[in-house]
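The following pair of complexes shares a single chain, chain A, combined with chain B in the former and chain C in the latter.
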Partner chain A sequence: MQFSIQREALLKPLQQVVGVVERRQTLPVLANLLVKVADGKLTLTGTDLEVEMVASTPAEQLADGETTIPARKLFDIVRALPDGARIDLKLNGERAALNAGRSRFTLATLPSSEFPTIEEIELVEKVSLPEEVLRDLMESTAFAMANQDVRYYLNGMLLDLQEHSLRCVATDGHRLALKETQLDSQVSTRRQIIIPRKGVNELVGLLETGDGQVELEFGRNHLRVRRGDVVFTSKLIDGRFPDYEAVIPLGADKQANVDREVLRGALQRAAILSNEKYRGVKLEFSPSRLRIMAHNPEQEEAVEEVEAETPVSDLSVGFNVGYLLDALAALHGEKVRLNLRDAQSSCLVQENDNDQSRHVIMPLRL
Partner chain B sequence: MDAFYASVEQRDDPALRGRPVVVAWRGARSVVCAASYEARKFGVHSAMPAVRAERLCPQAIFVPPDFSRYKAVSRQIRAIFARHTDLIEPLSLDEAYLDVTVTKTGLPSATATAEAIRAAIREETQLTASAGVAPNKFLAKIASDWRKPDGLFVVRPAQVEAFLTPLPVGRLPGVGKVMEARLAELGIATVGDLRALGMIELERRFGRWGHRLHELSRGFDEHPVQPDRPSLQISSEDTLEQDVPLEQLQPHVVRLAGKTWAAYQRESDRVARTIVLKLKTSDFRTLTRSLTPRVLPASASELAELAWGLHLRVDLPAGTRYRLVGVGLAGLVDRDNHVAQSELFDMAVAPS
Partner chain C sequence: MIPQLPLALRWPRRQRFEHFHAGVNADALAAVQALALEPGAPWVYLHGPAGSGRTHLLIAACQAASAIGRRVQYLPLASLADRPAAIRGVAGSELLALDDLGAIAGEREAEHALFDLYNQTRAEGGALLFAADAIPTQLGLGLPDLRSRLGACTQFALKPLDDAERRDVLKTQAAARGIELDDTVLDWLFARYARDLGALLDLLDKLDQASLAAQRRITVPFLRGFLREAGQAES
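Up next, the complex of A and B:
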C-alpha cells in the first residue's frame, strides 16, 4: 500500500474520521484508522463500534492495499507538518513509513483484518434532503438530549420520519426540543429511530452549510448518512422513545408574544442572580408586560421587565433559566410566542408565526 | 456518664450495687446496651452479643433497658450543662461537648467548670461522670476516657503534643480497623509516628483524608461545638430474629420504610433527598447503599420500593446472610431551599 498527497488534502478527511476514535478503547485496533488504497482513491475509516466514519479523497502514486495506523499519532503528525508539505506514506512489512520533506516517521500498524467495519445495514427507507436543513434540524434540538440518564433511550436523538416530513426530537425529561421539515419525497410508513448522543455529535460536526444534498439511509439497526466523500454510520439505540407528542401542550391557551432578543437579554441578566444549582427564575405575566425575577441564597435579587403582547394576567410560573435560554437560542425570527396554562403545566415556546420548531419546558416549583 | 444505663439501674435498685450488671433485651439475638464496671472486669462491653456476655460472666444480672428513666437523667444533666453554657452539642443521651470559653457562671477556668458540673451531677443524680478538658473537641473526647470512671483529665495547650505522641493511631476519630491496618503497613502505630511521616507524604498516600490525619496528629481540630445540630438522617433499623439471605429481607424493608416514613412525616420543614439501605451481615460487616433520585418518594410504599431496589447493588457472595436491616432518609435540607423541577414524562425512576 502506498500513496502520496498534499498535507491539506489529507488533513480534512483525517479530521472528519479521527473524532470518532475514543481515547480509551476496548480493543487495541480501535485506536487505529483503517487506511485503504483501492479504486483509485484513498479511504480512511474510524470507528468506536457504535459510530463509524469513512472519508475518501483522491491521491497520487497509488499502490492498492490496506492497513491500520494509530489514529491520534497520524493526525498529530499531519497537523504539525508545515503548510503545503507533500506526504508520502508506504507500508513496509508491519511498519508504515511516512515521509514529508526532511521529516521521516515510522509508525506501528495492526492488520486490517482485525478492524471491525459495518458493511450491510439492511436498508428499509431512504430520504434525501439539503445538508443545511439536516444540520439545522439537529443543531436546533441536540442540546436537549439527556446525558448518561438511566433512561438510556433519552441519551440520543429521535428521528421521526413521517409521510411528508422529518422531525428531530430530543429531551432530557425536563424539557423537549423538536424541529421538523417537509420532505420532497413521500415515505411509505412512519419510522422512528434513536441515534446515540455520540453519533449525533459526530454527525453535526460533519454537516456543513451550503446547498449540497445528503442521503439518509434508515437501516434496521443503523442510520447511514452519505455526504459527498464521507459516509457516516451509527448504530441505533434499541429502545422506545417516550410518546413525545403527548407532552406538547394543546390546551395552553395563555399566550404572550415577546421580542426574542429582548427576552433573551433580560433572562441572561436575571440568570446572574439565580440560584446556581437550580437556576430558577420566576415569570410573572400581566397585561402587556412580562416580569422576570430571580434571587439566590444570598438574598440578592434581579427584576427585569419586558414588553409583551399578552392579555394574560395573574400568572406566575418558575423555570430553569438555562432551559429558556437554550430554547430561545435555537429559535430564529424576531418574535417568539410563549404558550402557558398554569404554574404546574409546561410552557411551549415557538416562533410566533410557525410551529416548525417547538420547545416544551416543564416548570420549576420555586 | 460512666456506664450510664447500668449505673442508673444500680442507683435505682440497691440489690444491683456492687454486682456485675448487663443492660440488654432478652433474646438470643440481643446485644449489650451497657455493662457495669463490675461486669467489664469479665470482658463484657457494650455492642457485644448478649449471649457472649452471658458466657463471659455467668453471674451477671441481666436487666432490660428502660429508656424513659435514662432520658429523664439525660434531661437532668443537660439542665446542669445549661447553667454553665448554651454551647452544648449532645452526642448521645449521656455525652456532650461543651464550649466553656465563656461561661455564664464566670468560673476561673475550664477545669473549674468541669469540676463544678461533675459535682452537680453527683449531687443531683447520684451518678458519676467523667470529663476531658482540652483545647478542641477531638482532644476533649480522648481526654474524657482517660480517667474513667469518675475522673477528670486536662490536656493543656502546651501538653497536646506530648499527650498525643504515644497514643495508638486507632484513638484518632475516623481511624478504624482498616485504616489502622493500612497505617501499620507503613510502620505507623502511634500518633507520633503519624506526625513524623509529615503532611506531604500523608496527603500523597491518602489525599484530603491524609491532610486531616496530619492535622489530627498535631492536635488541630477546628470543628466548633455545634449546639442543636439537627439530625441529618431519619432511619429505622431492626436486628432480625434469625440471619436471613438477602432476598428474604423485602418484608422487613417494607415494614421499616413504613416506620421511617411515619417519622419523616413529622418533619414539617425539611425534605430528604437520599434513600439509604443499611445491612449488617452475620459476621458483623455493615454496608449501606444509597440513592438520590430526581423524584423524591411521595409515600411509604414508594420509599419501600426505592429502598428495596438498592438491594440489587449489594454485591456480596450469594450465600451471605444478614442480621440487621435498616431504611433511612438522609440529606435532609430545609424545605425552603428545595426547588423541584417537574418532569415531562410520568416514569418510575428505577435505580440503575
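Up next, the complex of A and C:
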C-alpha cells in the first residue's frame, strides 16, 4: 500500500474520522484508522463499534493495499507538518513509513483483517434531503437529549419518518425539542429510530451548511448517512421512544407573542440572579406585558419587563431559565409564541408563524 | 421536594396475554384464552382479590379477540356512572368483558339489564367474560336468576402472585421502561410496602415520573424519600 498526497487534502478526511476514535479502547485495533488504497482513491475509516466514519479522497502514486495505523498519532503528525507539505506514506512489512520533506516517521501497524467494519445495514428505507436542512434539524434539537439517564432510549435522538416528513425529537424528561421538515419523497411505512448521543454529536460535527444533498439510509439496526466524500454509520438504540406527541400540549390556550431577542436578553440578565441549582425564573403575564423575576438564596433579585402581545392576565409560572434560553436559541423567527395553560402544565414555545420547530418545557414549582 | 415537574412521558400498561405472569393461575389463563379465541368456548367467571390479575386478563382477552377480527367490548362497571344504560348499550358484541361485577350488586335496574344481556348474548352466540371480587352467591346480587346464570359459568379463583413472582413482574415492567430496580431496592420495598401488584405497578408509575423529575436512579434513599413525601411510608 502506498500513496502521496498534499497535507491539506489529507487533513480534512483525517479530522472527519479521528473524532470517532475513543481515547480508551476495548480492543487495540480500535485506536487505529483503517487506511486503504483501492479503486483509485484513498479511504480512511474510524470506528468505536457504535459509530463508524469513512472518508475518502483522491491521492497520487497509488499502490493498492490496506493496513491500520494509530489514529491519534497519524493525525497529530499530519496536523503538525508545515502547510503545503507533500506526504508520502508506504507500508513496509509491519511498519508504515511516512515521509514529508525532511521529516521521517515510522509507525506501528495492525493487520486490517482485525479491523471491524460495518458492511451491510439491511436497508429498510432511504430518503434524501439537503445537508443544511438535516444539520438544522439536528442542531435545533440535540441539546435536549438526556445525558447518562438510566432510560437509555432518552440518551439519543429520535428520527421519526412518516409520509412526507422527517422529525428529529429529543427529550431529557424535563423538556422536549422537536423540529420537522417536509421531504420531496413519500415513505410508505412510518419508521422511528433512535440514534445514540455520540452518533448525533459526530453527525452534527460532520454536517456543513451548503445546498448539497445527503442520503439517509434507515437500516434494521443502523442509520447510514452518505455525503459524497463521507459515509457515516451509527448503530441504533434498541428501545421504544416514549409517545412524544402525547406531551405536546393541546389545551394550552393562553398565548403570548414576544420578540425573541428581547426576551432572550431579559432572560439572560435575570438568569444571573437565579438559584444556581434549579435556575428558576418566574414569568408573570398581564395584558401586553411579561414580567420576569429571579432571586437567589442571598436575597438578591432581578426584575425584567418585556412587551408581549397577550390578553393573558394573572398567570404566573416558574421555569428553569436554561430550558427557555435553549429553546429560544434553537428558534429562528423574529417573534416567538408561548402557549400556556397554568402553573402546573407544560409550556409550548414556537415561532409565532409556524410550528416546524416546537419546544415543550415543564414548569418549576416556585 | 424536587421543584422541577417532569414531562408526562407515559407507557401505557400493556395488559396482554404474553405479559400475564400466570403462576398458579395457569388454568384460568387457558380458559380465558380459549374464550377469547375459540367460538363456543365456555363462559368464564373470574374472582379474586385486588391485584390478582382480573382486569389484566379481561383486557388481554379483548385485545386478542379483536386481533382476530371479533367485535369486543370491555366494561369497567365500577367506574361507569349510568350502569344500566352502559350494559344495555353493549349488546351485539362477540366478546363482552364485564369487570368489577360487584358494583351492580343491589342496583335493581342494572341487575335486570345484565340478566337480559346474558340471555341475549347466549341467544346470539356471543361470549361473556366476568370478573368480580367474590363468587356469584357472595356478591350481594338481588336477582336470584342472575345469580344462577352467573353460577353456570366456569369459575376460577385467581390467586395473587407470591412475593417472588411480584418481584419478577415489577422488575420486568421496570426494565421495559428502561429503569432498573435492583435487589436491594426490591428487598427494601417488599419489607416495608406490602401491597398488591396493581398498587405496586401504580407506585412504579409514580417512581418513574419522580426519577425523571430528579434525573436520578431509583435507589433505596431515593425510594425512602419518595415514600416519605408521598405520606405512604409504613413504619
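Observations on the structure shown:
Here is the rule we use: the second predicted complex is superposed on the first by the 366 of 366 C-alpha atoms of A that agree within 3 Å, B and C clash if a C-alpha of one lies under 4 Å from a C-alpha of the other, contacts with A are read in each partner's own complex, and residues count from 1 in each chain.
We take it that a residue touches a chain if its C-beta (ideal position, glycine included) is under 8 Å from a C-beta of that chain, and two chains touch if they have at least 3 such contacts.
As the structure is a prediction and not an experimental result, all values here were calculated from the model.
In this superposed model built on chain A, chain B and chain C take up the same space, so to speak, and clash.
Of the two partner chains, chain C is the only one that A:Gly239 touches; chain B does not reach it. Within the superposed three-chain model, A:Tyr153 lies in touch with chain C and out of touch with chain B [touch as defined at top]. Of the two partners chain B and chain C, more chain A residues are in touch with C.
Contacts of A:Leu176 after superposition on the shared chain: both chain B and chain C are touched.
Of the two partner chains placed by the overlay, chain B and chain C both lie in contact with A:Tyr278.
Shared-chain residue A:Val360: touches chain B and chain C both. In the superposition on chain A, A:Pro297 makes contact with chain B only, not with chain C.
After superposition on chain A, the chain C segment that clashes with chain B is 6-14; the remaining candidates among 6-14, 24-32 or 96-104 show no clashing C-alpha atoms. When both complexes are aligned on chain A by C-alpha atoms, chain A residues 150-151, 171, 173-176, 242, 247, 278, 280, 318, 320, 344, 346, 360, 362-366 touch chain B in the first and chain C in the second. Against chain A, the residues of chain B that register as touching in their complex are 294, 337, 339-345, 347, 349-352.
For chain A in complex with chain C, the touching residues are 146, 149-154, 171-176, 239, 242-244, 246-247, 278, 280, 318, 320, 344, 346, 360, 362-366.
On the side of chain A, the complex with chain B involves touching residues 150-151, 171, 173-176, 242, 247, 275, 277-278, 280, 297, 318, 320, 344, 346, 360, 362-366. Against chain A, in their complex, chain C makes its touches with residues 1, 3-11, 177-180, 211-213, 215, 217-218.
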